[in-house]
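Take a look at these structures.
What follows is a pair of complexes built around chain A, which joins chain B in one and chain C in the other.
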Partner chain A sequence: MNPYPALVASVTRHRGVTACLVVMEDDGIVVEATAQIGVETAAFAALTASLYRKSARAAAAAGFGGVSFCELEAERGRVLAAGRNGLVMVAVAEPRVNLGLLRLELLRAAAAL
Partner chain B sequence: MIRHTLTVGWADAPLKRFVDEARLQVAILMHTSGQVLAQVGFQRSLDVQTACALSAAINASAEYLGTMVDGTPFRGLHYAGKGRQIYLGQVPSPDTMLLVLAVFDMESSLGIVQLYVKELQANIAASAPSAVPEEPALAENFEADLNRNLAQLFGRG
Partner chain C sequence: MSEQLAIDPTSLVFLPLAEALLARGELPNAFRVARRGADRHAHRADVHDLVARVTLAQGDAAAAERAWNDSLAISKEFGPAHRGLGFLCYQQQRWAEAEAHLARARLMTPGDPSLEAAWAALQAARDEAPRDEAPRDEAPRDEAPRTSVTAPIATGHADASLPASLPASLPASLPAPLPAGALFDTALGVTSQVALLLDGDGLVVAGAYATADGIDLGAVIGAHLSGVSDEAERAMRHFGLGAWTRILLESEAATLMMSPANEGVTLVAAPREVPLGFVRRTLDQCNALARRWLAEAS
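And now, the complex of A and B:
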């Protein structure tokens, strides 16, 4: 049974979350996604996976070890990403989202990847 | 006037932009016959010719295989090697179908390449010259045109 729809649903049920995707870290290809109309998932997945990969490389180069979570704060929203086993769980959220709760949920979901 | 097909020019800028944005190591834009239109990253012309011939053959096989198993030709192919990967995709231009071969490593990814291939398609569609209609081979001024072209070819024009 495919476990990813349930993991994605556990994140998207939070108020203010506009998209949640499971993406392959190396390829940037979408494994599972739920998004509101207007979010271009393929492009978003590719760019976010690239960002996550490069963050991991930057952390490793700085001697900080592996990256398990990264967050991007933009003018009109946030992108949160947590990875494990070559997969990255990405959430896109509006500024009004309960950040602490979403972060906890995303890390919990990523632990099951 | 006898027309000569130029293999350089209009396709260079869109391909260079594609290479820069998608962080590719090598890219070639070619006709489906294997005739090169533009390339970035190859050092030797022999390598370009070989890559084009192989890409054209792969595309032809994929088109036929796709038609056989799926009813429509396959439009893109990805192969991941140990250190490098290739993506071979079709790029429609106003009057013909083109192929792009992209070679990349860990600096890029399949998703990124596919993303920028879409942009390349739009750029190619915008910058490709429109097809000039063929003139009849035996026009009234055929002999005069032929003499003029020969004179140009041998530096007497």
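And now, the complex of A and C:
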């Protein structure tokens, strides 16, 4: 049974989440995705995977060890990512989202990847 | 709470209301609520403590000191006032006064890890300072206690409870000239967090990141992590979410947060035990200091 739809659903049920994707960390290919109309999942997948990869490499090179979670906050939204086993769980959210709750949900979902 | 206060202006609901406003960074509103409360409840030491913390957050250390002294005038053994004055005097390198207040605070709340850590930092700072303590205005800034060390992050010995109890101090004006390496000392206080200001090329402009044995890691960390902000900018161009305002990375050894500062980046690193909200608050303070410092330098 494919476990990813349930993981994605657990994240998208939060108010303010506009998209949730499971992405391959290495190449940004989408494994599973749910998004509101207008959200380009392929672009988010590729760029977020790239950002996550870059962050992980930079943190490791700087001596901080592996990265388990990253968040990019912008003027009109947030992109959150949590990774495990070569997969990255990505959430795109509006600024008003409950960040603490979404972070926990994403980490919980990522633990099942 | 605002409505409740409007219905009954004598209510003590202004205390949590001002605390909430302070926590949200709405300092003018927090000050207004706290000040009115202090006018109505001038006999309460905790109200003056609240005023002190708000005014300190506004950068008015002198007003904060007056308010804490008002608390002590009401109750000589009011611990939060001794704690606040202890930290304030410590930051201003008034070692003797800091020692006196922290000693009282420790007596009132024995075993408080934040006070114990502050006490240890104070003793270390006093050991480093000249035997004849210089007046604070003459104290060389270079001899300020260096709290930006890697060891707590690398070894996980950081005191998680320490930052949460520190006053949110951010002086409105900086004493000049301020060495670049000490730019963030006032925002970092005695916490185990470190901060760097990096330019667009990842070079360290201000702040310090040294290991316990004195090795400067700032350049290495700056070079590696500045690339993350480049990647964020690239992503933001495609996402249509506007300019990026903050990046958070949670790694095995540390929490890292970055925020754009002019053409560079302000970076704060903290042990994983430090609450994320506190790291974010420190980053905001450091970024404000960096922007002001860059504006003064240009």
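Throughout what follows, the second predicted complex is superposed on the first by the 113 of 113 C-alpha atoms of A that agree within 3 Å, B and C clash if a C-alpha of one lies under 4 Å from a C-alpha of the other, contacts with A are read in each partner's own complex, and residues count from 1 in each chain.
Quick note on the criterion: a residue touches a chain if its C-beta (ideal position, glycine included) is under 8 Å from a C-beta of that chain, and two chains touch if they have at least 3 such contacts.
Small disclaimer: the values here were computed from a predicted structure and weren't measured.
With chain A as the common reference, chain B sits beside chain C without any clash.
Once the two complexes are overlaid on the shared chain, A:F64 sits against chain C while remaining clear of chain B.
In the superposition on chain A, A:D26 makes contact with chain B only, not with chain C. Once the two complexes are laid on top of each other via chain A, the angle at chain A between chain B and chain C, using C-alpha centres, comes to 120°, given in steps of 10. Of the two partner chains placed by superposition, A:M1 touches none, neither chain B nor chain C.
By the touch criterion stated above, A:I37 is placed in contact with neither chain B nor chain C. Comparing chain B with chain C, the partner in contact with more residues of chain A is C.
Legend: residue contacts after superposition of the two complexes on their common chain; A:S50 is shown touching both chain B and chain C. When the two complexes are overlaid on their common chain A, residue A:E75 makes contact with chain C while staying clear of chain B. Fitting both structures onto chain A leaves chain B and chain C with a minimum C-alpha separation of 10 Å. Shared contact residues of chain A, touching chain B in one structure and chain C in the other: 43, 47, 50. Those residues of chain A whose C-beta lies close enough to touch chain B in the complex are 23-24, 26-30, 42-43, 45-47, 49-50, 53. On chain A, the positions that touch chain C within their shared complex are 43-44, 47-48, 50-51, 54-55, 57-79, 92. Residues 153-154, 217, 220-221, 224-225, 227-228, 231-232, 234-236, 238-254, 256, 269 of chain C touch chain A in their complex.
Chain B meets chain A in the complex at residues 106, 108-112, 114-115.
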